[in-house]
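First comes the structure, then the notes that go with it.
Chain lettering (A, B, C and D) follows the sequence in which the chains are written, and residue indices restart at 1 in each chain.
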Amino acid sequence: MKVRTLLVGLAVVYCTLVFGWTVQASDLGLFEGEKGTLKIAGGTAHIPVMKEAAKRIITFNPDIQISIAGGGSGLGIKQVGEGLVDIGNSGRKPNDEEISRYGLQVFKWAVDGVGIAVNPKNPVRSLSKAQVKDIFAGKITSWKQIGGSDKKINVYTRDEASGTRAVFWKKALSKGEISSKAYFVVSNGGMKSAIAQDPNSIGYVSVGYIDNTVAAVSIDGVAPTLENVKEGKYKVARGLYSNTKGEPTGLAKKLIKYLLTPDGQDIVADKGFVPVK
Amino acid sequence: MSDAVKINVYHLDFSYQGHRILKNVTTQFEENTLTAIVGPSGVGKSTFLTTINRLWETVPLADMKGNVEIKFNGCFHDVYDQSFSLPRLRRSVGMVFQTPNPLPMSIYKNVAFPLKLTGEKDKKLVARNVEKALKRAYLWQEVKDRLTDDANLLSGGQQQRLCIARALVLEPEILLLDEPTSSLDSRAAMVIEELLLTLRPNCTLIVVSHYLDQVSRIADRVIELSDGRFLERPLGNPSQLRVSGLHRT
Amino acid sequence: MNRIFEKLLLCFAWASGIVLVGSIAYIVGYLIFRGFETLNLTLIFGDTKPVDALLLKRQVFEGLFPAIIGTFLLILLSVGWSVPVGLGSGIYLAEYAGKKVKRTLNLFFDILSGIPSIVVGLFGFSVALFLHKHYSENIYPCLLISSLSLAVLVLPYIVRTTQVSLENLSPEMRLTAPALGATKLQNIFYVLIPKSLSGIVSGVILAIGRCAEDTAVIMLTGVVATAGVPRSIFSNYEALPFYIYYISAQYSDPQELLRGYGAAIILLTLCVILLFCAFVIKKQLAYHVLYRI
Amino acid sequence: MIRIYEKLIEKLLLFSAAVSASVTILIFGFLVILGLPIIKGGHFFHLLTEPWSPYDGMYGIYPMVIGTLSIAFLGVLFGFPLSLGCASLISVLGPKPVRRFLKKVVQLMTGIPTVIYGFVGIFLLVPFIRELFQEGSGMCVLSASLMLAVLVSPTMILFFIDSFDQVPKSYLDAVDSIGGSRIQKFLYVILPCAWKGVLTGLILGLGRALGDTLIVLMIAGNTVQVPGSVMDSARSLTSQIALVMAADYESPEFKSIFTCGIVLYLFTTIVVIGVRTLAMTRRRSRP
């Protein structure tokens, strides 16, 4: 009796596993029979998508190992260029010098915006471009000057390796100065949690990271939402790129291919970015 | 030079940290006798013992001149000669220290330790020799049921006899004892004394001692070390010795 | 006047004792208060079945399992590298080295033990990069490089504890075995090392603790946010202290942050247990365990 | 045969000692060689006094040097009286149960991972400082140095206790016999006898504070500026290394972090030499 229950149970488990996989396997079929390790580093905006993709791939085929590190776009480009990782992510397009020097192949699989974020307790929800520039340059120092409470503004910025910083600096600040008094954080996740904790903060973060723990701020009346980015209304937008040194091969090639399949693009949309297909 | 001489010491000079402790000492020790060395503390009695088995060489800032010859197999060997193996010397010249110094091992392992050093692999032989040594040291009856116990669990007197057994297991021809009873109570000391007397027939013993009554009980010959020189003392009753400026402990 | 001054000082001593105990109790208490509810199997294995995870059938996501295994491997490897070399150096220093050599080497080890761990990490990273450029394309920051760098970090601890416990042995103890005919080497290995073993072992345990807690070295030499259980010493890996650091800055939801608290509690417990072991062993427990027939 | 074997082992031990000692030099060598291009370009001392502004081609580490020094010194400044108080309580002043308990706590503290101090610092100390002073984000020199004080205290306390315990017992008996109180014994006998030990402990604590990465990285805010007050955020040399890690051999940013490494290495050497000198004079003057 007991043995039979056990057998039935096992059969059920087996079936769910097998069918579960075959059903799911539509686009993951790419990774059938693959083996080995894949190393990814760079842009931090990419991490949620990469993690989810890795999770699905490894669940489908446990023989594959994927390691994901942050570090920023600059680091991603350099590490892939030096051959330290297989895929280097960047939140900005690698510049011509980088592409020619390392022989990079660039793949864009999502569109993202860089939005200004403040603490939800802060009433300010809209700024003009000039105000933004002044705040980040350290010329406007109190929230009172722009309609908030009488508190000093704590400006948060990213390090030089960040693609998010590069895009924001170019498109929102028009390459203006960033105050030397700004606090530094090392990733989009770090920016979000810092702003969520500090009531007097202002910073910039990938649109995909904006949720209810932080409040998005409109620039010249345009809010940094997915729709506005998609429609091209919100100007501080950028692509999310994955770069390889030379033509991608093996797992790297398949991962990039997978990101561009309907499944992959679903993950992109699910994580708050604009799919490219 | 009589046939019975076991150890010859010639012109021994010893200095420690620049202080001259032994001054041009020349003496002989006869085979299978018990010689006692007496003298005030800190005068270099223990140091003299270490010149015979070259143990002083491990002490930093010590320096020695002179010669020591020991007769092995009927033939004298200069122990300071380069070709003379140091481990061989130490194995033929046993030494027992002032405070019992059992190694951090079981009782059995302690006694078997010197055999381990010689690379003896035959377990039966080791066991036989250990038993023999323990019996010679009058310890066998007390420890035969607890050979695996930690040696430090033994009493002071037992520990000292263990150390003697450890020295005996290699069947040394010479045994140096540096105040072997000074850290023991009088009953334990008596046992050790009797033990030494039983060893005398086939072992040359040199004992450094503070206890003059002890010396008078066991020694064949008494030497007093004073100001770096050796003085022969007549065997006599303890009070005679006291007159010569020694103290009784 | 003097009386008041003395009274004030006494008050100050008590106050500082209370402040110290209070702050540490607050820190640990806060951690446990916030994190204890996460302490369950899900914290470690996420939604993967523990059996599958342990048999390495499935990679664990949203769980600490890979980080725990990573830390464990890291400790094993680093101690594996550093103990033989460290023991050898310690023995040499205590038993063989002449006065001048000893002074010089001691200075080197003092400096080595003072070098900030991030500099050791930088060193490990540049060595890896150097080898990658000039030697083999297959060498990059990885478990091997991290463990070697950590070995450098803990090396002075092991050298120092070995040296000190050997040097602290009594002169009588040193003479015993030579008097029985032991050579220098036999004396060292049969008597001196066993006798100072408890000191040496507790030093090794403290080194293990250092390997478990260090973050700065590994963050430059191959630890990553997501890697799964490493399959070889040339893989990237996850580790508990880095996980805590990473979560503190990058958590995206409260659930993730809670895992950070969980990881912190686990790491803290691990380190405290190691410390405790070191104490117990130092109290000569090893004596009875290690020296029976 | 045995002699050859012994010699062989001795050579092996010498070899391992040489290897481990050479690591010390190897690290310095690597730092200097890799940092050489930028040191040559801008003079080492010039780099120490220049600001950090990669976009303008300036890779000076002046703000980080000041950041490191101010955070570390402040940390020790907070930690020192605390440690001295605790050490005196443990070795002389406290009643026995208090002493034993406190000592256990201090020993336990040596085992707490740095990253945990940083972690708790972010979620406990930073908001607290922010609310208390109503200025800035709470990530500042003050928060970092307070946390550092907690980190370096056990090192200092244990060392202080050690040096207090080395005061000859005869001195203490002398004070006891003339009816001195505990605090008097501590103030007028132990402290004057052990002041060199206290100084050594202080320097060791400073060394630990200078070399810490995680606490400063996590709660000092990492702003590249010379901090003007304790409420300002700052970046230390160690954080600079952690933050600028890039894999590009050629970039000047990457090379500049070796200058940070060299400076930290030199700090360490100075600390070690200081401690050794003190230890030497202590040994000589000991009764």
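Quick note on the criterion: a residue touches a chain if its C-beta (ideal position, glycine included) is under 8 Å from a C-beta of that chain, and two chains touch if they have at least 3 such contacts.
Since the structure is predicted, the reported quantities are computational estimates derived from the model, not experimental observations.
*Asks:* Which chain has its C-alpha centre farthest away from the C-alpha centre of subunit D?
*Replies:* Farthest chain from subunit D, going by C-alpha centroids: B.
*Asks:* Please list the single chain whose C-alpha centre lies closest to the global protein C-alpha centre.
*Replies:* Measuring from the global C-alpha mean, the nearest chain centre belongs to C.
*Asks:* Determine the centre-to-centre distance between subunit B and subunit D, using the mean Cα coordinates as centres, and give it in whole Å.
*Replies:* Centre separation, subunit B to subunit D: 53 Å.
*Asks:* Averaging over Cα atoms per chain, report the distance between subunit A and subunit C in Å.
*Replies:* Centre-to-centre distance between subunit A and subunit C: 35 Å.
*Asks:* Based only on mean CA positions, could you tell me how far subunit A sits from subunit B in angstrom?
*Replies:* 81
*Asks:* Please tell me the distance, in whole Å, between the geometric centres of subunit B and subunit C computed from their C-alpha atoms.
*Replies:* Centre-to-centre distance between subunit B and subunit C: 47 Å.
*Asks:* Can you tell me which residues of subunit A touch two or more of the remaining chains?
*Replies:* 82, 84, 185-186, 194
*Asks:* Can you list the subunit C residues in contact with two or more other chains?
*Replies:* 129, 133, 183, 249
*Asks:* Where does subunit D touch two or more other chains at once, residue-wise?
*Replies:* Answer for subunit D, listing residues that touch two or more other chains: 2, 245, 247, 249.
*Asks:* By the touch definition up top, name every chain pair that qualifies.
*Replies:* Chain pairs that touch: A-C, A-D, B-C, C-D.
*Asks:* Show me the residue ranges of subunit B that touch subunit C in the complex, using the header's touch definition.
*Replies:* Against subunit C, the touching part of subunit B is residues 53, 55, 58-59, 86-91, 94-95, 97, 99, 101, 103-106, 108-109, 113-114, 116-118, 147-148, 150, 166-167, 170.
*Asks:* Under the stated contact criterion, what part of subunit A meets subunit C in this complex?
*Replies:* 37, 39, 41, 44, 47-48, 51, 54-55, 58-59, 62, 65-70, 82-85, 185-187, 189-190, 192-194, 209
*Asks:* Quick check: in the complex, which residue numbers of subunit A touch subunit D?
*Replies:* These residues of subunit A touch subunit D: 71, 74-75, 78-79, 81-82, 84, 151-152, 154, 156, 159-161, 180-186, 194, 197-198, 200-201.
*Asks:* Under the touch definition given earlier, write down the residues of subunit D that touch subunit C in their complex.
*Replies:* Per the touch definition, subunit D meets subunit C at residues 2, 5-6, 9-10, 12-17, 19-21, 23-27, 30-31, 34, 81-86, 88-90, 93-94, 98, 102, 105-120, 122-124, 150, 153, 181, 183-184, 187, 207, 210-214, 218, 238, 241-242, 245, 247, 249, 257-258, 261, 264-265, 268-269, 271-272, 275-276.
*Asks:* Could you list, by residue number, the parts of subunit D that touch subunit A in their complex?
*Replies:* Residue list for subunit D touching subunit A: 54-55, 126-127, 130, 134-139, 221-225, 232-233, 235, 243-249, 251, 253.
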